[in-house]
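Dumping the structure here so I can ask a few things about it.
Chain lettering (A, B, C, D, E and F) follows the sequence in which the chains are written, and residue indices restart at 1 in each chain.
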Amino acid sequence: MEALSSHVSRTIVTRLVLPPDTNHMGTIFGGTVLSYIDEIAAISAMKHSRKVVVTASIDTVNFLSSAVVGDILTLEACVVSTGRTSMEVFVKVKSEDLESGTKTLTTTSILTMVAKDKDGKPTQVPGVIPQTLEEERLLKTAQQRKQHRLEMRNQ
Amino acid sequence: MEALSSHVSRTIVTRLVLPPDTNHMGTIFGGTVLSYIDEIAAISAMKHSRKVVVTASIDTVNFLSSAVVGDILTLEACVVSTGRTSMEVFVKVKSEDLESGTKTLTTTSILTMVAKDKDGKPTQVPGVIPQTLEEERLLKTAQQRKQHRLEMRNQ
Amino acid sequence: MEALSSHVSRTIVTRLVLPPDTNHMGTIFGGTVLSYIDEIAAISAMKHSRKVVVTASIDTVNFLSSAVVGDILTLEACVVSTGRTSMEVFVKVKSEDLESGTKTLTTTSILTMVAKDKDGKPTQVPGVIPQTLEEERLLKTAQQRKQHRLEMRNQ
Amino acid sequence: MEALSSHVSRTIVTRLVLPPDTNHMGTIFGGTVLSYIDEIAAISAMKHSRKVVVTASIDTVNFLSSAVVGDILTLEACVVSTGRTSMEVFVKVKSEDLESGTKTLTTTSILTMVAKDKDGKPTQVPGVIPQTLEEERLLKTAQQRKQHRLEMRNQ
Amino acid sequence: MEALSSHVSRTIVTRLVLPPDTNHMGTIFGGTVLSYIDEIAAISAMKHSRKVVVTASIDTVNFLSSAVVGDILTLEACVVSTGRTSMEVFVKVKSEDLESGTKTLTTTSILTMVAKDKDGKPTQVPGVIPQTLEEERLLKTAQQRKQHRLEMRNQ
Amino acid sequence: MEALSSHVSRTIVTRLVLPPDTNHMGTIFGGTVLSYIDEIAAISAMKHSRKVVVTASIDTVNFLSSAVVGDILTLEACVVSTGRTSMEVFVKVKSEDLESGTKTLTTTSILTMVAKDKDGKPTQVPGVIPQTLEEERLLKTAQQRKQHRLEMRNQ
């Protein structure tokens, strides 16, 4: 199986923050952002593996700022590291104020997705070739994150 | 402000896994589970603080097993530690097979919620008094998790 | 088939009243409450019978008070009487004002659910053993409600 | 305030039964039907009163048959009796098999809706003039149903 | 195959404009109206053909006025012309102001639906007999619209 | 007001075709595609004008092929011509088969969006500078499409 460029899995999603996605104060629910993050990560991992995928874990997520009704959310994702049957997907979420056009980093997140064959068994995925310095750095630190996930699981 | 028993914020949510919540293989989306987790954490923190709340962060989440169409999901949440304006909420998700009644731990998760006053400014919350050994342990390790979140943010 | 304690089917659901669930005046739609009631009744009857269930009827429902955006809804359900293939489920809905924590009874409701086997045929269910005085009273008056439903159907 | 013909409030809604509205066996959820019933009753009462309305109660509902994925649901509603600020709305639901075109009565239901002014206070509504024998009969038996609702409320 | 009266496919849908269907200014999304139009056109074509149908094209749609939160939308549809396996459905959308009862034409639209058999292959449909002058005119101009669609496709 | 490059409004949205978006045969509803098209067109026009926008019209849409459950939909949009207060947005929709990665053009569509100020009045928008040959061609033919829309409106 030949390794694929991270461009293969690069995925962009743009969404409007609408009233039903927000609380009393017009602030978007964390859960809405998380479900957008999970959806784009699944699409990105599906493009890389050409298989159905399931979410195995999601790393610490900090909501650095919070989007409000009327903002434009832009999500960008690509696969940054791979195991035998798993893929780590890096997702960046920015919110954009309609009037000023100012973009603010809302959150970054790393999810691990597992590819499944038709019987629902984990199945092999190609490796990934990073295309940016940020992706290269994330590939190098993949082992460290795996370690942290195992520790959290054992707790 | 007097500290409150964790019983005050204890919240239970039961949900059916329905076809629109699942992928081709009838497996629930990680994002759906995450949005249920965020909703129960918000309710739990609202009961503790009697304020509107927003999600500040979510800790590493491992999906230990995955629920399928027809399963019953049970989520349980309570506040386990507090800062001046923030609350850590511990959420446990179990899935239950309809026929056998077997319950499986699907995931555990810790979210940090911040209480907001009417102008959207962070506002003070009461402390929490743990009621189980598990909650006591989580109160003791709160500082450690805070440290980890800061590290992740700085990366 | 051995009768089961009503604890087996006891189910709790907590929900936030969100903007899309409400009309112009921020008051929750009756239909939203009814669909939450039907969902918890189905889960409760599924826990009792370990079968797929369908709703056969719903008794007179009075909306005693109406929840508004930002309220916390708590639903509690359990099986209170059984026929050969049917179960009566009692559902209580309370709404809780966020700021004051005051809980108000929004409605009580009784639904009849029928258990179905894999071919969609009605299938036998265990009896129920009430655990509270309220449940005991509801078991005693089950025959009376059945009578009323038949009358309504014949009209 | 002049009484209005029941034609003023006559409302028709046609819906497709789609996969997300159904359980494992492709049978529509009772709660979905109930929420369609509540929506059409609200529209019907709004047409009659020209006010925002809320649901006060719903009478015993029997699900005489159950619609499946791909069926066409037809709901028909009109106001059949009125109090000073309340309206009784009669709703008939039929499901239609796509291939054969056979229509089956799924349920009939009577809801009480209350008109509200801009401050959320109950406000006066016009009387109703029945246009069919069925509506005439329902107008005559309105008092009886009111009696039954009060009894149920007191229980 | 005998031609059918346009009454066979006549379909009415009434909907409330709710907060989640609208943007910041309380104006309904074009996309929401379009998805209501597609749904009623599908039901209308299903009633005419007694088959599952898919949308093949939608003609130029002008939004003549825009509905706001609290308006009642009324959609009316019927088949106005047919090909061997396709049906043209004419849809009229009116919005009604709650307080005044004034109805405004929001849009008119013509969609082409294709009937499919169980293997997903296009399948023959009956002809249509118009019942109003408007429908007669639309039947006469069907060929012209077909021409325009082909031109647009070739561009 | 200085004209803007079409890059300013270029918007990409990627979506998974999920079971609730599809009919009995697993084929996506035309209405679902249309509502995705309307959403991306709104975002694109908002980026160009930095104003809230409403849909004024949508041109003839041909569904050239139809996406099925599990496909990845990719929508791409940008402003291609402008009036004083209106913007024409060109939207291309492709569906991608998961296993083979084959992309098929599902539809192309042109929508006219109008910018609104805070009082809901139409407000001026910048011109647009095309960046591709396709966009240049669409800018040249804008007048022709306007003519066609007026004709359709007058019919």
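The criterion applied here is as follows: contacts are C-beta pairs under 8 Å (C-beta built on N, C-alpha and C of every residue); 3 or more make two chains touch, one makes a residue touch a chain.
These are the chains along with the protein names UniProt gives them: A, B, C, D, E, F = Acyl-CoA thioesterase.
Since we're looking at a predicted model, the values are computed, not measured.
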Shared interface numbers for chain A (Acyl-CoA thioesterase) and chain B (Acyl-CoA thioesterase) above half of all numbers used, same, or below, different? same
If I rank A-C and C-D by number of C-beta contact pairs, which comes first? C-D
Centre distance in Å when chain B (Acyl-CoA thioesterase) and chain F (Acyl-CoA thioesterase) are each reduced to the mean of their C-alpha atoms: 39
Find the geometric centre of each of chain C (Acyl-CoA thioesterase) and chain F (Acyl-CoA thioesterase) from their Cα atoms only, then give the gap between the two centres in Å, rounded to an integer. 45
Computed distance of Cα centres, chain F (Acyl-CoA thioesterase) from chain E (Acyl-CoA thioesterase), in Å: 20
Please tell me the distance, in whole Å, between the geometric centres of chain A (Acyl-CoA thioesterase) and chain F (Acyl-CoA thioesterase) computed from their C-alpha atoms. 26
For chain E (Acyl-CoA thioesterase), jot down the residues that touch at least 2 other chains. 19-20, 23-24, 39, 42, 52, 70
Touch relationships between chains, expressed as pairs: A-B, A-C, A-E, A-F, B-C, B-D, B-F, C-D, C-E, D-E, D-F, E-F
Any idea which chain B (Acyl-CoA thioesterase) residues touch chain D (Acyl-CoA thioesterase) in the complex? 18-20, 69-70
Residue ranges of chain E (Acyl-CoA thioesterase) in contact with chain A (Acyl-CoA thioesterase) within the complex: 19-20, 22-24
Inside the complex, what are the residues of chain B (Acyl-CoA thioesterase) that reach chain A (Acyl-CoA thioesterase)? 23-25, 27, 29-32, 34-39, 42, 52, 54-64, 66, 111, 116, 120, 148-149, 152-153
Chain E (Acyl-CoA thioesterase)-facing residues of chain D (Acyl-CoA thioesterase), complex: 11-16, 39-40, 42-43, 46-47, 50-52, 70, 72, 98-101
